[in-house]
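Going in written order, the chains are labelled A, B, C, D, E and F, and every chain counts its residues from 1.
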Amino acid sequence: MERQDGRLADELRKIQFIPGIAPHAAASVLSCFGGTRVICAVTVEEDVPRWMKAQRVEGGWLTAEYSMLPYSTLDRKRRDIANGRLDGRSSEIQRLIGRSLRAVVDLKKLGSRTVWVDCDVLEADGGTRTASITGSAVAASLAFEKLVAEGRLAENPLRGMVAAISVGMLKGAPLLDLCYEEDRDADVDMNVVMTEKGEFVEIQGSGEEAVFTGKEMEAMLALARKGVAELVRIQRETVSLTARPGAEDLASLASFFAKK
Amino acid sequence: MERQDGRLADELRKIQFIPGIAPHAAASVLSCFGGTRVICAVTVEEDVPRWMKAQRVEGGWLTAEYSMLPYSTLDRKRRDIANGRLDGRSSEIQRLIGRSLRAVVDLKKLGSRTVWVDCDVLEADGGTRTASITGSAVAASLAFEKLVAEGRLAENPLRGMVAAISVGMLKGAPLLDLCYEEDRDADVDMNVVMTEKGEFVEIQGSGEEAVFTGKEMEAMLALARKGVAELVRIQRETVSLTARPGAEDLASLASFFAKK
Amino acid sequence: MERQDGRLADELRKIQFIPGIAPHAAASVLSCFGGTRVICAVTVEEDVPRWMKAQRVEGGWLTAEYSMLPYSTLDRKRRDIANGRLDGRSSEIQRLIGRSLRAVVDLKKLGSRTVWVDCDVLEADGGTRTASITGSAVAASLAFEKLVAEGRLAENPLRGMVAAISVGMLKGAPLLDLCYEEDRDADVDMNVVMTEKGEFVEIQGSGEEAVFTGKEMEAMLALARKGVAELVRIQRETVSLTARPGAEDLASLASFFAKK
Amino acid sequence: MERQDGRLADELRKIQFIPGIAPHAAASVLSCFGGTRVICAVTVEEDVPRWMKAQRVEGGWLTAEYSMLPYSTLDRKRRDIANGRLDGRSSEIQRLIGRSLRAVVDLKKLGSRTVWVDCDVLEADGGTRTASITGSAVAASLAFEKLVAEGRLAENPLRGMVAAISVGMLKGAPLLDLCYEEDRDADVDMNVVMTEKGEFVEIQGSGEEAVFTGKEMEAMLALARKGVAELVRIQRETVSLTARPGAEDLASLASFFAKK
Amino acid sequence: MERQDGRLADELRKIQFIPGIAPHAAASVLSCFGGTRVICAVTVEEDVPRWMKAQRVEGGWLTAEYSMLPYSTLDRKRRDIANGRLDGRSSEIQRLIGRSLRAVVDLKKLGSRTVWVDCDVLEADGGTRTASITGSAVAASLAFEKLVAEGRLAENPLRGMVAAISVGMLKGAPLLDLCYEEDRDADVDMNVVMTEKGEFVEIQGSGEEAVFTGKEMEAMLALARKGVAELVRIQRETVSLTARPGAEDLASLASFFAKK
Amino acid sequence: MERQDGRLADELRKIQFIPGIAPHAAASVLSCFGGTRVICAVTVEEDVPRWMKAQRVEGGWLTAEYSMLPYSTLDRKRRDIANGRLDGRSSEIQRLIGRSLRAVVDLKKLGSRTVWVDCDVLEADGGTRTASITGSAVAASLAFEKLVAEGRLAENPLRGMVAAISVGMLKGAPLLDLCYEEDRDADVDMNVVMTEKGEFVEIQGSGEEAVFTGKEMEAMLALARKGVAELVRIQRETVSLTARPGAEDLASLASFFAKK
């Protein structure tokens, strides 16, 4: 089956993590999965949530907030505050982002701090939650390195990289990294969050108004494994490039915006 | 490994669906998975959501709402209205219940109606979302039969039964149908929603602050498959007993409350 | 005048308080006044409201929350959280329940605790506020006995039983314990809360779009007095039966559900 | 027993209804019961609530809103909007005001209109709900006369006057029209709403953390009857004076403000 | 150009500040700019906002709240709490009132207190924000004098009087103190807040869907300067009259209400 | 006086409008005033607000929403939805943006459409409202050109360019385009919105806890005039460059991000 953007069934869209999009954050990247662009910013607060104090839990906390900017979709999306309530889907996604990051962060090593992971979608073209998780892991890694460099943390609390990708079944074929139209038309949509060692952190497979077999699931998981491995390679590359910025890095940023 | 309530690793808790708990609903059951008790009630509204009208979608809609009653937990849980906002976890669960039911309901056959599935947890002891989905499927089945009997529906829109069960990894061993303490201590918690044909509807596996391997996932899915098969058997039995109530049925209700 | 369910003018509907409906509460009953069923659950928190601390008031507090479950009415009732605000009628009723219970509880003897009385209507057929108050008094009595048995309270803070009943004028005749249709058609609806000694705790008489004379009020109060005396007898019986559960108790529970 | 302001047990505070306080309303009065001052304003909207249209109810509607202005109490009272929710007590009172007025208004004669009764407390010194109801009846009467004069109504829909007064038991003695300190110290607080013919519209008697006997109730009702008769006389006087304003009227207004 | 109420272009409407409208406040006035009437009340709380404590800011705070009472406009204005959110225009105005007053109050001299300035519009006929600021300055002045007299403040923290007036361009001509119709028809609407020394505190000039030249601005500012000087004279007179109330004062109050 | 970033008193910060930041919008720019970066995006809805329909107003509407992203400030700013209410300052600013744009847009020529102007602050370093207005005017201009090119609009409804700049008095000297520290330390902060013809659209001058003279205002307005002229030149350049993109444009984008 030919994909609308000419990709192979097991091919990721163009993936980029552009650092420095929000300079007041501890660290930030613009996470791009093809046409999907998410601002992922990490900020650190020298305090922990009330429930941790009440329950006298040691260490720190990491929490995430996700929102779609009103102009990220083709039809303008009303702001949550205009509706007076947080969108159910956003609530679900931000809980997923938080769990995914906490799975690879040693909260004990954070000290009495809260790490805020904010994901704001600038352009939505399918896979905003996977772009959010994967980009946030890059931003968190950069933020922790900065805190260690500044002497605020003794040790980097990140146990390893985490990344997420969508897979699905479309007209009987398993596909990697679905764009909006593919996602809309797919019978099954599965989001897989994995560590760089290939362990699962979270699996969310749903056949909205449809079902899927064990065999189909295996085919999709195989694709996800391949996709995550590739994502982790790009994450690692971004982190190391950003640590010592050079000509290549700046050129890639420039070329990103130049092509738009 | 010995389980605290003496169950085998692949053994369900005592499962019961007690019909008629809320007589003003189209149909209702008290869904019991051991100590977990959820009121599952189905009501039918002769109207469809505004977005369906706006987009001129044919047929009906099915939506779910989930809430934990304040006295369902050992520490009283504040009502959502006292907090002024819907709990994030509840929002996530009610979306899952809705998707799970819609996967087995032919919305076209509903006509221009909205089916409301309300799940209110009376007692929480792990697995409230699986008890909600599984009990709601029973209530929906009873409600559809009633609508057909009343001539409001030409045909039963339920394509087949759907059920859900939790599985997890605790101290290296896969376990079926986790109670609260097992759920709290487990490294991985997976909720599996399947049809009676053994197809997947939804998989939500999460290693909160932990990870799991592909092999562990396979072991958990095998348990889930077994559990769902057993749940469907009990669902079917309840539906057929309720259709023609006899002495056995009433005795089971009496004995349920007598043992508490 | 013949009543639609064949009752005499001064006859209560079938009254039952089924204990143990919500096992995680300190105590709970399903309070049934004919077709009206309300879950009444009492939970105890080891803390007092902020205003008590600020004003340095000694002792504890008792507060109530009331809600109609969405499937308790023939037309589904939207949840408060879906409306974003607490229903005005619910707010009024929960304040009444709280005042009624506080009138018979010695708050000083509670120690620095908050007693939460939660009333959730499972089926509404008139008189939900009277079933709530009367059932809550049973649940509170059981909860206090439990706290005393556990050594958490030195003394039972309940000064005596409290019960509530509705009376009204329908086609010129005074009626006791109105069901939904009678309540809807009545010219006057009066809710009377009394102690077991026959003292008034609260009287709320309202001739919605109508008025009533002093004589009519006297006739209604006479009925209320009779009804409350009967309710207190059943409350007392339930409390003593629940304290030492035997065959009679279980049989009554079984027969309750068997008849539905 | 001597009252703090020297009144007899059956004596009202100084009662005044000063018309024209809010000139953009259809009619308005500043209702004064001693130190308690409530702005009562009636506005008329040429539309009915959505539920009336949905249920195709004939005629109009009358509804009330009550609020305490932040500077009406000795300690500043936060605005509802600052709390994000309507105060439970305010909700209860505004429902009472609405019911009381509807009892004497023939909604059918209103035509397809909504009458809004707004009560905003300028100074609270006990009895704000009774001052609200009694003042609103004056304002409604003036508004209806105006609508009839303007030809918008064929007939005045007010069936007769309605007034409300508080009574209570303090140190064993029944008292009429309690001021703040009396209300705070009373064992029983009863609000009685009656028509000018001496019929009851609403009775709300509450022994907050206390109880009262039938005999005490009778004594209080006798006082209430006397108080309401006096209130109706002043209401009638105000309405007739306002209809043809003269020197006496203006002087009374001036002297009211002069004495403060 | 002739103005609809016969005023000259540089003439204020009838300005009055009637003290004592809300006796429980520390001080209050009914601020009247022609048909516009605003209740301005000042209350003092012996506490400071949380942010001041957190940032360890010395001294006190002054904050304002503004609201239009529902019957202040010809078409009833829904209460903010009915909409569930504070009106954007009200939010803007109350921030302006707060800033204007803080510009002339020495917060250091307040001690650890919060001064609340509440402005509730009783009748709106253009210029409610200028009547609010100007009346609030009178009320604040009276409140501070009272606190000094009671020994709670060592010194009056008011540095000098502040007043506000609207100016605008209508059909090419600059006008002072616009009434509702003039405000609605004007091309430019400018609100000018000044001290009694003629310094600017705040200027808000807006050509809603229009623009204005530098020359037009100069002409409007000249009018504003004249208007503010006159307002300050009346403010000063009111404060001194209220300090030693005599026959003139009471007569003016009486005549105010008598003319309505 | 030397400015901290070495600028002259009448010198703007580096101004850039980078187009295409949000590709799903009708048009968008990243508006940069030195360290201040605001996403300005314009979307067009084929509908008008309810009040326009109710009042049968011809033409279209333009409205703005403003928000600070949580990572735009050095201390993380909580989202409005987490507070449950729109920030007062944000409400004030978005109303200003809307008025400023409407002053130069012929709403009649829009047809029955709503133009949404969304401004989300990515980095705040003083002057976010001026960067929002000025950048939004560029985005609106691009969006209108696109609608004309697509044949959806017959004519460009933009009457001319609008721009905004801050001026202030710091240590006695007038300064143009204040950065965060200058804004914080300034005695007066004035925001001036002007058209390209040098007419005023809006002036907001505030001496928060301070005052300013007429002479100081004149000095500040002279600076503002100069600043706006320069801003309009850059706006015009951006619009024309974006219409026919070439090498210069891309290089400027690249260099922008390269310098961060």
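Just so it is clear, a residue touches a chain if its C-beta (ideal position, glycine included) is under 8 Å from a C-beta of that chain, and two chains touch if they have at least 3 such contacts.
Small disclaimer: the values here were computed from a predicted structure and weren't measured.
Engineer: Comparing residue numbers, which of D-E, C-D or B-C shares more than half of the contact pairs of A-B?
Structural biologist: It is C-D that reproduces the contact pattern of A-B.
Engineer: Using Cα averages as centroids, what's the distance between chain E and chain F in whole Å?
Structural biologist: Roughly 30 Å separates the two chain centres.
Engineer: For chain D versus chain F, what separation do you get between their C-alpha means, in angstrom?
Structural biologist: 52
Engineer: Please list all residues of chain D that touch 2 or more other chains.
Structural biologist: Within chain D, the residues that touch at least two other chains are 84-86.
Engineer: Touch graph of the chains shown: is it line, ring, star, complete or other?
Structural biologist: Chain contacts: single closed ring, each chain with exactly two partners.
Engineer: Which chains make up the ring, listed in order from chain D with chain E immediately after it?
Structural biologist: From chain D, continuing first to chain E, the chains appear as D, E, F, A, B, C.
Engineer: Help me check something: in the complex, which residues belonging to chain C touch chain D?
Structural biologist: 85-86, 88-89, 91-92, 94-95, 99, 102-103, 107, 190, 195, 197-214, 217, 221
Engineer: Quick one: in the complex, what on chain A touches chain F?
Structural biologist: Going by the criterion above, the answer is residues 18, 20-25, 28, 35, 39, 41-43, 45, 65, 67, 69-74, 76, 79-82, 84-86, 116, 118, 120, 122-124, 250, 253-255, 257-258, 260.
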